[in-house]
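One structure, as structure tokens, below. Some questions next.
Note that the chains take the letters A, B, C, D, E and F in the order they are written out, and that residue 1 is the start of every chain.
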């Protein structure tokens, strides 16, 4: 099992969710946890103005999604994210995917553990 | 406001229309205080929003009590040599009855007292824009109490009370260019120097927590300002709801609209971004500048006054980063500078009841300049003394940790939002 | 409000000033409803903000219709033995014409009807502070409709209508200490007992979602209250915009300021934290307490009334955790207790047009005490019956899951914020 | 508003009561602009809240200046064949003095100009509901300037100015059903077709960022609308603060309450969820529909007008998804449809000073229908031409990326909230 | 050392915190980091209405808690979460627990590393 | 590759960002993802007042930063955080750093994987 953490553009969330649904849904829906984050990558923060004075933000708003998957779904999930989160030609700020080892997964409702709980 | 000594005029019957307008105006000016609280509150960081709003609200509480206790007596009691007023029956208003009439204006004296009291409340609250995010709340409360008693009330007496020395000299101030805006703006500047800048100020990621509030605040201020300016016809004529009020209403509206437009155009020109904070700032700058002139000038002059107000305030605000003081929300940049321009412009554009420079009466401009100079000097010196005393006894600033953690939680034990 | 039977006085021509002030006052009182919605809405948790605001807004819709349909007829129609009014032409206002004048006050009857209608709207909305975060919306709507028809309208008749039995007996209630605040506050208490506490109440991490709204709401209430109180001069004199209105305005302002100041000082003393919620609560407590007394007492008395109001309300609010009821937003603690104090204080401090105890007329204090006692008894009993009926038929409370998930999404299908 | 040519009536002395009410009304109508900004601003997504509010605020700036420069001259200057007005002294108001009186109403002409100017400001702002979240700000500014000058001002002349051809023909429009709401609503529809839908519109997860603001905005609109409608008595009678104003106040209140109630009941019936947005929408629909009828019909008719307004607007709003245009915030669905219904209903229910169909005067209904038809045609055609010109020269829409990232940051360089 | 990440119902946070305190507090408090997230699992998002039109949200609001624990506390922590976060009979939407390997842990205040820093 | 997750005081974020820039920037900026969290450690939550009644919050607001780094940058990143996030003498509430194994990292813009994508 792996835990996939991806940081994407907020406006791509809808597309990514649809792509994940395509890749992961086995009939009982797909599962994902989403949160709002601020990121700093090569992309610079936005400039805002306060009474005529420019203020450059250090961070840009991003969306982070977390998905626990069984091993055989890792690559499909990555491909789904890649295809949906990338802008036309790929632009700075498109984001990043991290894959972490996941040792255990437990469904709170039933107490099931492991691959079937994911 | 120009008005006559109540004692020497024969009683006039109640004019219900004038009374209706003055009651309404007094209510409108009170609403400016929450308006100001939102205007300022929206501009600070989230952690300081409540304390910033409280700076306005506490003025309603503290000056609200001070005014009926002694404030009115000092400002509008029997004049002592033109320097300050004092009338025993005015203390606690205990000698004033519902039947007491104000001068020859056909309104109860209680109504006039209330109208004036709202001015006394909002003026120190204007100063708070300069001290946002770092002043000790207790010191602020003591400061505005002293400032109102020893700066505002005498100044109101000088300029507005029959027998006040600037009133006698002939300074025109329809609704408070000198008494309200210059005095508050200059005191704000002095105070921001005495306090020093916010610790994280020069790095400057101090973005406003909620511009919606600032826009709404500017809207409430505009609305309330009609009472502020058109209600000040009470100093000019009877019935109060008449020609002078109508003129003051028209110039107030016109100056605010023009200033808002011009500030927007300046920003569009400079940065390509017409901001909502710029819109709000332009509105307020125009309202400030027209205040002393409202019932004295024609609408076309109000346009010029509004347009120039945005120009000078826009650049005055930028000055601040160069001169190194931290007037957090530009109380001086907008109220001080806008008020000075407005008071001088009154001397240029006035046509009624007295002529100004452009109508051939250069002397009026001189009088206005004297009025401006005196107000600046008195407010600056007075603030320096009062704030100095408060600093020496209570301190002016919060601790470093309070500033870091925010004043809302550390002073007031609350957070503005729990989302 | 004291007023005479329209039928027996000769027609008086329109007084445009009085009409202007009453139109303004009516509009001001309407604005208190959104003000109240913000005041209450800011204090609840995020998941219940809309339903809390809707409690006020729906009163504008439901009582707005009820008042012109039958409410006015019951409250101000021809008196039936002093117990309730009824006049067929007043039903749907179908027999009232634009030319119908109200009594001898020089204002159209439609204006008086509207002014009174706004009081009818805000009173049940005040109750909603006690039921926040757990009452079924449909039951609330039915409850306020019945409550307004069978408690508020008769009570308004008793106290304010010519021929009402408490009116005849001589109870003074300038703008609604008994009719509005005691009746709402006591009903709130009864209802909070009948509903039971919020499920997660005793653990008590129920922090307000947005104190900025609460402060703004308090500001709008203060502003609107000038219409509420100074507009109530309509019961006293002609022209309406005159001496009594001026006095009521002055005492309203003074009591609110003093109460805000005192609540802040109490908190500073107790916890070291002068909160913005305390500021807002003090404002409202002062306004509540001065309401019955506004045009009857002098400003110095208003100071005492305001100061004591904050004292008693501050401690009343703390009582609640000891007595175990959950008056969520302190509708009883502020409106009930503040109203009782104000109604009694009117009997102590009144000087015009009737004297109170301190002016040598002990009888007036007795009358006030009777007025208070009758109102408490009638409101408590009436609420117990009406809420009992609603409970038996529709139920009063939302389900456990609705309470957990929040009423906004489960009842109204919305969320307050999407940030 | 019906009024006579100022020139041919003998001067009337100032009536301070009428002047007080018109000053108050003008201030109230100004407050509707921030009210509208909140009403609309709360409904859009967070990234577009400031630009949506700016659509209203910039109207205060731009039309505020245009009105005193040429707008008033076109709308209310000497009539040229009933088609448009023009009076040289009205340009920049340079020939109007504080002593100039408006017609025979006892109020200064400046006050009338200001009152009318507020109508000119809010009308184009109403349109902005249709273009939210995608129109270029610069194009919007140019559009409303042209639209106000070439559509609004002539239309106001036709319907309201002495000598205007629809005025002469006998169309009744008490406070702006045709001039304000139909013209704005129909223009909104045309503009939303010309702009095309928001890119992410059909998917439809476009949830409002802050319904608290929308509710507050609806409350401020209701409050301000009393000035809008009851102030429009200035077209009918002297004193202005009299019977007609009282009637207009009563019908305004009644229609708004009824419409709010009915919209809520419809939703309860349809979805089981009485929403706060529905409450706010019902309030506005009722206010819109009663506007042309306010001083012409009785309160019971106002109930019917309000109830039907919610019915037709509720279904009109649903139409939009079927017809495929994207009137983002339902400027047409509420103002257009509500205004059409109200203008026709005036022809059905009018009783004073002219009778309508139900009072036996079928001709009035025909006149209303003609007024509606002409307004629709003129507004639609005019908007199509003006927006076409703007589109050809400046473009109407923001870029795809600006729309995606939000207009606040990309156009105004700001974000509404920094929490 | 493990890093436990659990996604739970927001209204269960108080109960979970109390349970964790019971399981983990050795006298110096217990440690947890909490954040607000939006989730998609078998549970459907809520329906909201916009002028009569239903809008189904894709996501439901959830609360995510993160706990760094020494190995022997992994099971007690899981049990604490399971017992406190589960609704009576277990309902869809009760949430999930993920366990990740944790290589290092450093207390910023002292610079301590490893198990004692946790 | 490692994933570093650090919980710090919100007011230290600016300093930490600058320190990270010093430690990690190889000319193409440094990368970090930031989010607002609430924490419970030895530090107690703040006390707020509601109409005179004290309400102790269980949680304190904190800032969490997440950084994916190649192995040789792990220690410099930790040192940067430690130096910038620590208060003068080290106070309770200064925060904690967790280091997790990171198996894969993918740049969405280019599809690059591994160390060069980080």
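To be clear about the criterion, a residue touches a chain if its C-beta (ideal position, glycine included) is under 8 Å from a C-beta of that chain, and two chains touch if they have at least 3 such contacts.
The structure displayed is predicted, hence computed values, not measured ones.
The chains in contact with chain A and with chain B alike are D, F. Common neighbours of chain B and chain E, by the contact definition above: A, C, D, F.
The mean-CA centres of chain A and chain F are about 19 angstrom from one another, to the nearest whole unit. Note on chain placement: the centre of chain C and the centre of chain D lie 33 Å apart, centres being C-alpha means.
Chain centres here are Cα averages; for chain A and chain C they lie 52 Å apart. Chain contacts: chain C has residues 15-18, 20-21, 24, 205, 207-208, 210, 271, 273, 275, 277, 413-415, 417, 419 touching two or more partner chains.
Among all residues of chain E, those that touch two or more other chains are 14, 35, 48-49, 54, 58, 100-101. Looking at which chains touch one another, you get A-B, A-D, A-E, A-F, B-C, B-D, B-F, C-D, C-E, C-F, D-E, E-F. Of all residues in chain D, those touching chain B in their complex are 14-21, 23-24, 26-27, 30-31, 33-34, 37-38, 41, 49-50, 53-54, 57-58, 60-65, 68, 92-94, 98-99, 107-111, 113-114, 117, 137, 210, 213, 411-419. Residues 200, 203, 205, 404-405, 409, 413-415 of chain D are the ones touching chain A in the complex. Against chain C, in their complex, chain E makes its touches with residues 11, 14, 46-49, 54. On the side of chain F, the complex with chain C involves touching residues 48-55, 57-58.
By the touch rule above, chain B contacts chain D in their complex via residues 15-18, 20-21, 24, 28, 45-46, 207-212, 215-216, 218-220, 222-223, 226-227, 230, 239-247, 249-250, 253-254, 256-258, 260-261, 264, 271-277, 279, 282-283, 298-300, 303, 352, 417, 419.
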